[in-house]
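Presented sequentially are two complexes of chain A, the first with chain B as partner and the second with chain C.
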Partner chain A sequence: MADVRERLIECFLSVFPSLERDAVVVASVDATEAWDSLANFSLVTVIEEEFDLQIPSDDLEQLTSFASVEAYLASR
Partner chain B sequence: MRFRDALQIAQAPVSDAAERMTVDLLCGFTPDQFRTFLVAQLRTRTADRVIDGRVGLFGDLVGNLERAAVSGAAPFVVVPIEWADLDARLGVRGLGGWSPEALGNIVAGVEAQLVRITSAVERIAATSLLAVSLPTLPLPPVSWLPRIQAGLFEARLRAAVAEATVRLAGIDRVRVVDVQVLDERSPLAERHDVRAELTYGYPYTAAHAAALSGIFATLLDPPAPKKGIITDLDDTFWRGILGEVGVEQVSWDLEHHSQGHGLYQQLLKSLADAGVLIAVASKNDQGRVDEAFRRTDLVMPASQIFPLTANWGPKSASVAGILAAWNVGADSVVFIDDSPLELAEVSAAHPAVTTLHFPKDDTGVVRLLEQLRDLFGKPALSAEDAVRLESLRRGAAVADAMASADPEAFLSSIDPVLTVSFDVAPGNTRPLELINKTNQFNLNGRRLSEPEWIAHLNDPEAFVATIGYRDKFGPLGTIAVVAGHRRGATVQVAHWVMSCRAFSRRIEHATVVLLLERFEAEALQLDVMATARNAPLQEYLQLYRTGEATLAPGFTVTRAQLSSVHPTLYHRIEDLGHG
Partner chain C sequence: MSVAPPVRLHHVGIVVPDMAQACASYVGRFGFEVLSDVIHDPTQTAYVQFLRMPGDSTYVELVAPDGPASTLANALKKGGGLNHLCYVTPDLAGSIAAMTAEKMRLIRPPTPAVAFGGRQIAWLLGRDLALVELVEQGPPGSL
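Take a look at the complex of A and B:
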């Protein structure tokens, strides 16, 4: 899991380069100003590349924070 | 390139001196992710580069183009066209109906949209360089026919696209993405990201965006084409070892199962006809090679090869001799041999030379031919391409004569004529080509993009002088370009290049005189900078150095210096007019 978390942090940093590393794990749509719909699209693309998966449209809505993405990956 | 890699490249810091490249991305889909790929692809070519520019409105490709045509576009413009831009019913976001009765209307709409698009692109191309792709995504299942059967509807759509491609490809400064190359790099079934299009309005998979943006970047910022090929003979130019099987037994045809070598010769001849220099470096007996080249069934004749070198010395030495005879940099040259050992030996001695292995298998040969087309391809041919080899041969003869005879007597006897024009005709690519590929006699090594060149041509204060040369041995074509501005009694020269084929004829001296007289000026102020390769230019300007003056921007050549610096000039000047 630690490896998944690190890889996920790198994904977030590539889309939100201005975030501090410590701030990534608490990032969310509500708390992160740069996290708009386009950033969400970039994040989904980067995560799909990194973890070699396709996230169905129905699942996109639940990916609203680092924690929710991490939990989603754990469930796959 | 993965999207994450593209993000990192696009976000990498640049220096204060970074080059700025303004690129408009005019499309009908959500542009952000494709723009990231495009920026990354352009920065992989030049890392220290800022890419900026506008994007258009979502869902309005035609409007974006027409507004740019009216209000002005960036120097570089990228236009990815998709079926949904031509009719929303050909995308997955619209629900306009696919009934059989609607198909004729869809075709008519597509034809009309393509006419508007080509018209707008043509207007934008007056001042910008455009790269355009016609629909790259699969057509949705609109027609009632089974998909394996070609129907009139799809055929008419594809015909309309083909017709638009013909029109676009014929416009100066419009470069169209080649469908075949895109198919090689991006399989059709792996291009469309339906979920992303429905959710975000963006239709491409990351792999397709990477492939398409890579082609766009190369079309806008192509690598300099190579200038010459040095080829081996045995088991490369032909099949067989000449010294073992004899002149009659080397082959390059179907009958002898050696067609790959014939195809290779055919490509060499095609390249030679387009101005590429072709030489031979072979470990062989020269007499036997000469005899082989008397065979009349050769596809690539000896007359188009210069120099033709055969000896038993190391090939790196032959390559050195050929580079000297051509007077081109090693980085402009490709060496081809079937022997990995020879390739390694040449590469060790000439690391800048591109070395390519001639493969044993025919499929590999075709891949090699494709690779050579890419290395030597250029947007347009010029008249000079047709005379390059002959003028090179004459240049060698002139240099020999200058070395062995009285130069004054020789130069006065060859009836040299300079043809001078201060007008660059539309579509004349030669001046820009000379500026961008000349290294040795080059004022500062500075290269220009096509949009920068157009801006210079459109500047009412600017001038461009093109200089052609001929003598009793024949024409060399356009061999020099000077560009700059007239400022009072001074001519400011920003670019001055002269082909190395024109050396030893005192054309540089005549050029100085010509500029001073044309503009009735007292001095030329030169934006000179030393580069790693412009020693001939520096050597020439040393003649004008006085006192503490250094070869740096602002270096000045005055009319008063002419009498003390210049040798006798024998050129007759033909003025072709002022634009």
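Take a look at the complex of A and C:
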């Protein structure tokens, strides 16, 4: 699980390089200015690559924070 | 297996903070010709203008956000510059099907674009995070 979290943090940092590592775990659409729609698609694409999975477009609207993405991955 | 429709590069999209200043720079520095007025596309939340080198077939599209709420605002905050490649296709639905089959994600479905006289455009994102625009082929002489 810790490994998943570290890999997920790296995914976030690759899309949001201006975030401090400590700030990644509390990142959210509302709190992260750079998290726009394109960044969201980029993040999903990076996560799909990292975790070798496909995330259906219908699931994207629930991925609005680091915590929600982490929970989503745990459910897959 | 269906054959992907042939596409060709239509333009390179470059995000700029100031359309007039950027246009003057491209014309003066590189010899581009201005091929369109500045066009406001509310759907894209952007101002756009097309330039082209004499004798070339591929355009440069200068793109500027139309306000702080523009979908391009963050791109400009990151410094602007190269933003997307646009391909023209004779079969928009066929190209979308072919590209999504290659694991590209459709991020904005077909919608009419003011800059292309109402011809449809669509946006996709590749696994390399390269932003791709598709535009329906227009009649000869059209942008």
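As a convention for this text, the second predicted complex is superposed on the first by the 76 of 76 C-alpha atoms of A that agree within 3 Å, B and C clash if a C-alpha of one lies under 4 Å from a C-alpha of the other, contacts with A are read in each partner's own complex, and residues count from 1 in each chain.
Everything that follows uses one rule, which is that a contact is a pair of C-beta atoms (placed from the backbone, for glycine too) under 8 Å apart; a residue touches a chain by one contact, two chains touch by 3 or more.
None of these values were measured; they are calculated from a predicted model.
On the superposed chain A, the positions of chain B and chain C overlap enough to count as a clash. In the superposition on chain A, A:50 contacts chain B only, with no contact to chain C. In the superposition on chain A, contact of A:42 is made with both chain B and chain C.
In the superposed model, A:11 makes contact with chain B only, not with chain C. In the superposition on chain A, contact of A:34 is made with chain C only, not with chain B.
Of the two partner chains placed around the shared chain by superposition, neither chain B nor chain C is touched by A:71. Among the options 38-46, 74-82, 290-298 or 542-550, the segment of chain B that ends up inside chain C in the superposed model is 74-82. Chain A residues 37-38, 41-42, 45-46, 49, 57 lie at the interface with chain B in one structure and with chain C in the other. Those residues of chain A whose C-beta lies close enough to touch chain B in the complex are 11, 14-15, 17, 37-38, 41-42, 45-46, 49-50, 54, 56-57, 60.
Chain B contributes residues 2-4, 7-8, 11, 30, 32-33, 36, 195-196, 198-200, 202, 206 to its touches with chain A in the complex.
On the chain A side of its complex with chain C, the touching residues are 33-34, 36-39, 41-42, 44-46, 48-49, 57.
Across the complex, chain A is touched by residues 71, 73-75, 77-78, 105-107, 125-127, 129, 131 of chain C.
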